[in-house]
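Please read the structure below before turning to the comments.
As written, the chain order gives the labels A, B and C, with residue 1 at the start of each chain.
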Amino acid sequence: MNITRFLRLPTLSLTIVLLSGCVMSSNVQQIDRLESVGENPRIVMMPPDVKYYLLTASGVPEPNVEWTTAARENFHAAMTDYAASIGTDLSFISTDSLSENEIRYESLHSAVGSSLLNHHFGMMKLPSKNGKFDWSLGPEIASIGENHEADYALFVYYRDYQASGGRVALAVLAAAVGGAVATGSEHGFASLVDLKTGDIVWFNVVNAGAGELRNKDGAVTAVRALFKDIPTARGSGEPQ
Amino acid sequence: MIYRISMLIALAAVASGCVSTSYTLVAPGATALEGMQVNATSGWNQAPPMHTPSMRKGAALWTHDGPLLDQLIIIPGVADGEPLMNSRDKSAALPLFKKDMLPNEIEELTESTFVKYFGEGNAAVTTKNLRPQRFGEYRGVMFDVDATVSDNPDYRGTAGAFVANDKLYMMFFLGAVPHYYDKHSAAATSVIQSATLTGGSNVPVSN
Amino acid sequence: MNQTRPVVLLACLVACWPAFSAEEETLDHRIPPGYEPVQEKDELGLWMEMREYEQALKQSALLVRDEDLNGYLQEILCRVAAAYCKDFRVYLIRNPNFNASMTATGMMQVWTGLIVRANSTDEIAAVIGHEISHYTLLHSLATLRALKKKLATGTFVDIALILATGYGTGLGQTMAALSVMSFSRDQETEADLLGMRLLAEAAYDPHASYGIWEKIIAEEEAAEVKREDPGAFGKTHPDAKLRAAYLKELVTARYGPPDAEAVADQRLLSVLNNHYMLLMEDQLDTNRYGRTKELLERHAALGVEPSLVRYFYGEMFRQRGKDGDRDLAKSAYLHSIEGGRAPAKSYSNLGYLYLKEGDIENARTYFAEYLEIDPDASDREMIEFYLED
């Protein structure tokens, strides 16, 4: 007795990697600076979807608990510092405390993320848009802003597949027969949503070379790559 | 698995050489499809046949923001004994249109077809608010739809259908909830309600 | 009990069924209650992935949250699992097909199609016992390791296969998807055997372990459209007939013949009666009439509320629409109405049938009655349209 279920997130990963060969740009910035009714712009971070895998020779990606835990912890720390450096207040929502409404918006955001990966960054352009970036989660998301006292929501998706020795050997072998075997990859995206309007005001896709979340310094680099050109409280540009 | 497979085919097509896959702009105004005509409002994009392997010849999928977020499916001229969609899986048991179907049966035909479109066991589809609607000189129906698809946002929708010369003409709109159904339902409903039979011309009627 | 019979049985089955051996007698749980992985990296990774999968599942729109249904399954689970009760969570998923599954972390999914197909609570317990056994026998982890090994030590031929099937991209199946993948034939047999024992120890009827398979076979034979792809299913599931046969022999040898008198299972009947519309509407949507008819026959024999069963007969005949079906549908709806507990749609759908025949008067009568019984009917506008016509 069995079920074979293919969760949608692998499709999302596939989309990002496939895009890497074909994409013209990987970054969208709709606004120059963050606005807030408070002293500093307040950002609420949705539970980041960050995972590390060991890519074995068999091709079966093995989720690695140690790496994933370290990655998430370092990410959390690097994020907190980074947010402060761009003049914002950052709060986190944990997976356990997500409300039903927030889960609906996570699901919607995944669909919106997939859509703009295919139709804005990718080759499946929608002519009626004429290059315009107007994807949104809708203004009813304001209730989330109220509940968390936040002006913006940040969504992050990141996957890192580390090739094992056996995997590298396989790649060499496969090359010999004219095939290609991926020897690991990292990819992800981050998106910033204005909680008053639901508009995605900033979106960034990253592929290889983003950084190494498993150690603290690598995480800082990765976070900078992930949040390249994110609008800040002071206006766009590098943080101090 | 029709729905998910078509998304994966789309992605594979993109990978195989970065070919720009063309969605085409639907010009506002009268648009003809296989013996019928609708009045398109602005902003619709028509999906290329490669992205819609389960659709019959002559059927079209239109979208504003991408099919995952909103899709308007127009299926013209389904003959007696034919299903609304195609499936390569012979065991799919798609329901068939029968020319003497009454409104409740058309509603059921649509519901059952769309469960299979999303993948049996992957989705629950309910229809409600069945009501009469005129399409030109033909008496047809409209009804509302709610679809729950696993690993996707929920969808809400509206459908319109009529039988003319023993053939079924079906228009079905779905939008993601929250936001996308609300954003596009007025435009979609307007397209659906504008549907009529043409004199048989397959050439787009321009304004 | 005759001592020589099992040996003769085993000898035959060793030839027909390689996985089978005297090991059956010593088959036992491989982990204690409250088990959690501590050291093995791949096992820890598997548990982490499955935990996240479970979190996502809790939010699934297809999850049935009804307390009565969940309570019923939970009762059965705890009784069969005995000391392992706390290691499991059971989730009821809206899916009209017959299935149940278990992950490495003790997350069990049961599909609504299983409840609709069971003839007794014992049969549901048999399936649950089978799934529990997959968990205590550590099958998920074993499958994963075997798969990795097989792929890693492949020859050039296998590499081509890897590339062709997409594993080569490294982004093929995630562990989550793999973990709910099929178990091997050997593993299915092991789960059958241990499951049978758990069933008996929990004072359920061990004969239910093959009973459920006999019903699946009967349903497949009644089906008008057969299940495609027997290849993949056949490779990992012992042939249903063979399975029913060997289990029947084993159970009879070990526990004696079945009870002559089958007693109606009040608990299952109450569950079916209270949730029949939900359970059977999804089955109707599958458009598989042969199977639906088979299920309705069983429900009638079981003693499910006659008005409900007759209503679905009406629906089934009406949708099937073969020669003579219209009359069968009409009499089914009328019969349902006679029973006194017909669902409101019996009236409206009967009205539509009369309309089709041109019997306007009867159509009007039943449409009017429909609106009286269900004043909030969502298709009121449509029905009134016909009444005014």
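One rule holds for everything that comes next: a residue touches a chain if its C-beta (ideal position, glycine included) is under 8 Å from a C-beta of that chain, and two chains touch if they have at least 3 such contacts.
Treat the numbers as computed from the prediction; the structure is a model and nothing was measured.
S.K.: Take each protein chain as a node, join two nodes whenever their chains touch, and name the resulting shape: line, ring, star, complete or other.
M.R.: Basically all the chains touch each other, so complete.
S.K.: Would you mind checking which pair of chains has the most C-beta pairs in contact?
M.R.: Highest contact count belongs to chains A-C.
S.K.: Counting in whole Å, what is the centre-to-centre distance of chain A and chain B, each centre being its mean C-alpha position?
M.R.: Chain centres of chain A and chain B, defined by C-alpha means, are spaced 32 Å apart.
S.K.: Could you give the separation in Å between the centres of chain A and chain C, each centre being the mean of its C-alpha atoms?
M.R.: Result: the chain centres lie 38 Å from each other.
S.K.: Which residue numbers or ranges of chain B touch two or more of the other chains?
M.R.: Residues 150, 154 of chain B touch two or more partner chains.
S.K.: Tell me, which residues of chain A touch at least two other chains?
M.R.: Within chain A, the residues that touch at least two other chains are 5-7, 14.
S.K.: Residue numbers of chain C touching chain B in their complex, please.
M.R.: That would be residues 60-62, 94-97, 111, 225-229, 282, 284-288, 319, 321, 348-349, 352, 355-356, 378-379, 381-382, 385 of chain C.
S.K.: For chain C, which residues count as touching chain A in their complex?
M.R.: 41-42, 44-49, 53, 55-56, 59, 99-101, 109, 127, 130-131, 144, 147-152, 156, 159-160, 162-163, 167-178, 180-183, 188, 236-237
S.K.: Quick one: in the complex, what on chain B touches chain A?
M.R.: 4, 7-8, 10-11, 14-15, 18-21, 23-26, 42-45, 51, 63-66, 68-69, 150-154, 176-180, 182-183
S.K.: Would you pull the chain A residues touching chain C in the complex into a rising list?
M.R.: For this pair, the touching residues of chain A are 1-7, 9-10, 13-14, 17, 54-66, 68, 95, 100, 103, 161, 163, 166-167, 170, 173-174, 177, 179-185.
S.K.: Please output the residues of chain A touching chain B within their complex, sorted ascending.
M.R.: Those residues of chain A that touch chain B are 5-8, 11, 14-15, 18-19, 21-22, 104-105, 107-108, 110-112, 114-116, 118-119, 122-128, 135-138, 140-141, 198.
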